[in-house]
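Below is one structure; the comments refer to it alone.
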Amino acid sequence: MNELAQHAAADLEALRAASPLVHNITNYVSMDIAANTLLAVGASPAMIHAEEEVVDFVEIASALVLNIGTLSPSWVRAMHAARSRARTRGIPVVLDPVGAGATPYRTAVAAELLKDGVDVVRGNASEILALAGAAMGPTRGVDSTHGTEEALEAAQVLAREMGCVVAVTGVVDLVTDGARRVLVHGGHPLMAKVTAIGCSATAVIGAFAAVVPDRARAAASALACFGVAGHRAGEGSAGPASFRTRFLDALYTLSPEELRREARIEA
Amino acid sequence: MNELAQHAAADLEALRAASPLVHNITNYVSMDIAANTLLAVGASPAMIHAEEEVVDFVEIASALVLNIGTLSPSWVRAMHAARSRARTRGIPVVLDPVGAGATPYRTAVAAELLKDGVDVVRGNASEILALAGAAMGPTRGVDSTHGTEEALEAAQVLAREMGCVVAVTGVVDLVTDGARRVLVHGGHPLMAKVTAIGCSATAVIGAFAAVVPDRARAAASALACFGVAGHRAGEGSAGPASFRTRFLDALYTLSPEELRREARIEA
Amino acid sequence: MNELAQHAAADLEALRAASPLVHNITNYVSMDIAANTLLAVGASPAMIHAEEEVVDFVEIASALVLNIGTLSPSWVRAMHAARSRARTRGIPVVLDPVGAGATPYRTAVAAELLKDGVDVVRGNASEILALAGAAMGPTRGVDSTHGTEEALEAAQVLAREMGCVVAVTGVVDLVTDGARRVLVHGGHPLMAKVTAIGCSATAVIGAFAAVVPDRARAAASALACFGVAGHRAGEGSAGPASFRTRFLDALYTLSPEELRREARIEA
């Protein structure tokens, strides 16, 4: 029996038992689906962005998720303040560098948050390559133009230099802390046709990191849930909207035992 | 035959006939589902937040709904300006104090809006307890950690002191104007797994208040619709996402006659 | 065989082949459904609003969509900057004047964007009448109180004076460049019960305009897709939420050949 799949099952059970409060400073497009995904997996979501209260909210949160999809200066200031307090408190900080590489502004914001210190970064191959300064060409919008394979080397370097876990999602997902490398299989092509499902994965990594001290394991367990629920939802979906419904339902009904049996994680 | 259920049926019929324009200054997470819920029940939603136009928009609206879920200073200023004009015009103002008690900022904003004068407040037990200064412990994020029962006394005091109607939603919903107390049963556990369904209930209370002068009755009728549609949708749902779809469909197809038969409201 | 339906089929095929990156500065309510609609039809959506990066993002986009649904001053400044750069680059600019006529602020913002130069405007009859200065009464919120028929004359005058294409959507959709007039039939009454489906139509016009130089043809082809997918989705829908799911699925699975057969476009 796969040890990593057993970890994933135990982690999902721990998440459901703790129902961690996940503080998201995230983009407008993702708010509905990210909150619903966190609820479906068993966490408690909150979307709070005002500089006037983010630091106070971090005090009661169990994880902080920063997503730059629709950033603006006041949101960036709130992200920095919340990040700083979260690190001091010792709760995990997860960064989603949406569209890094697409404009100088967002690349710089993502790089600065990363440099200041985060626990996990989750992006597609293009975003991770841009962040690692290794992009072989201009990033195209917020969708990826590079394969996971290509970003593997960049992810490991980034993880080592920044002292964080890097997750690169795509047809196959990669999680690395610079030393270890884990691949997560599963999912379904329709996942790429539902907006902000990657942002939702980042949020769920935050929920797992709230209950799993090993951040690489937390990220792999979160992505394993997405892999299994995505695979299950894909069968019989008539298109991306019915897939979205079935995916959230599948995530909600997924038992630790089913996750243990169906997760496809390899070291 | 239950008189309150008959009221609810008549109120739903009045709402559908008038299709009131409901002006929402609400949080980002709830915008999609709140607008769709208002459309499903028969109202006309608008989400307008700029200080440059909220007062002008209140002029043509039939109800104003204020929701502090993702507040920030400029939105709060717009809420105050809109609230003031709405009260002068005599259209109902409904407040959703999302996460009151979670941070000093949002507790203060909610309390000030309430103090300035609103017609109905709708929250979960924790939020109402925080607002009433009666919280027995720190509020946890935006989800409730207290039962409706516990908040009953606080709600009545709040309603009396503030001269408004208070609705506390949970497994059983409570509506009080300080003197009268109405309980609304129904719904389904999956409602707690769909983000912003509480915000949507607040919006629909606004729609009912636009056509029903008795604010307590308006709130009870709105929650009765949610109770019946939630109960219907729950049967056969595969999870929270299919529940959401079925709930909105059920709200749309709910007839006044069905509401009269199935509503479970007790004085 | 209808030549316009053949155009629509060819245009859908071109869109799917190019998968154009559509830059949206749009309202909060529409973000989820507009992004998912663009993905379903075959385009690549991005929602980017910060003044710090919109001009840079326009450089890599294939179309710009401006939607004033939840406007505020900083967003309006970003719209102007993005619009200006897009016109210089020669990529199409599509404007959705949501709620024009409802407040002086939004009417003025929409009129100024239009005056500065856009390629296509898409609105309901009330919005187009307000923009054309021909409204026969106050606009009511964001839903239309006028028929397409009534707005026909206003649309043609507006198109001629502003040198743009005007699309008026309703039970029957009208597209005009001031000289030519095309009517698009189809759709379903439930479309009016799904929030921001009009905003999504505007976004999809942007996607078609990115690959079809004739802007009137691009708008007609986009609306023909909506007409066919809406008609298909309407059959068997239990209400507005299941309709929304079925509509997005229908848009995703719609083949050029089916569009050619089922599109109801007339010159």
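What to note about this one:
The first chain written gets the first letter, and so on, giving A, B and C; residue counts start at 1 in each chain.
Quick note on the criterion: a contact is a pair of C-beta atoms (placed from the backbone, for glycine too) under 8 Å apart; a residue touches a chain by one contact, two chains touch by 3 or more.
Keep in mind it's a predicted model, so treat the numbers as computed, not measured.
Put simply, chain A has to spin 120° for its C-alpha atoms to lie on chain B, with the angle rounded to a multiple of 5.
The two sequence copies chain B and chain C touch through a face in which the numbers common to both fall below half of the numbers used overall. Centre to centre, using the average C-alpha position, chain B and chain C are separated by 33 Å.
Residue positions 28, 32, 244-245 of chain A each touch two or more of the other chains.
Against chain C, in their complex, chain A makes its touches with residues 27-29, 32-33, 69-73, 99, 102-106, 138, 140-143, 193-196, 238-242, 244-245.
Those residues of chain C that touch chain A in the shared complex are 21, 28, 31-32, 35-36, 39-40, 44-50, 52-53, 56-57, 60-61, 74, 244-253.
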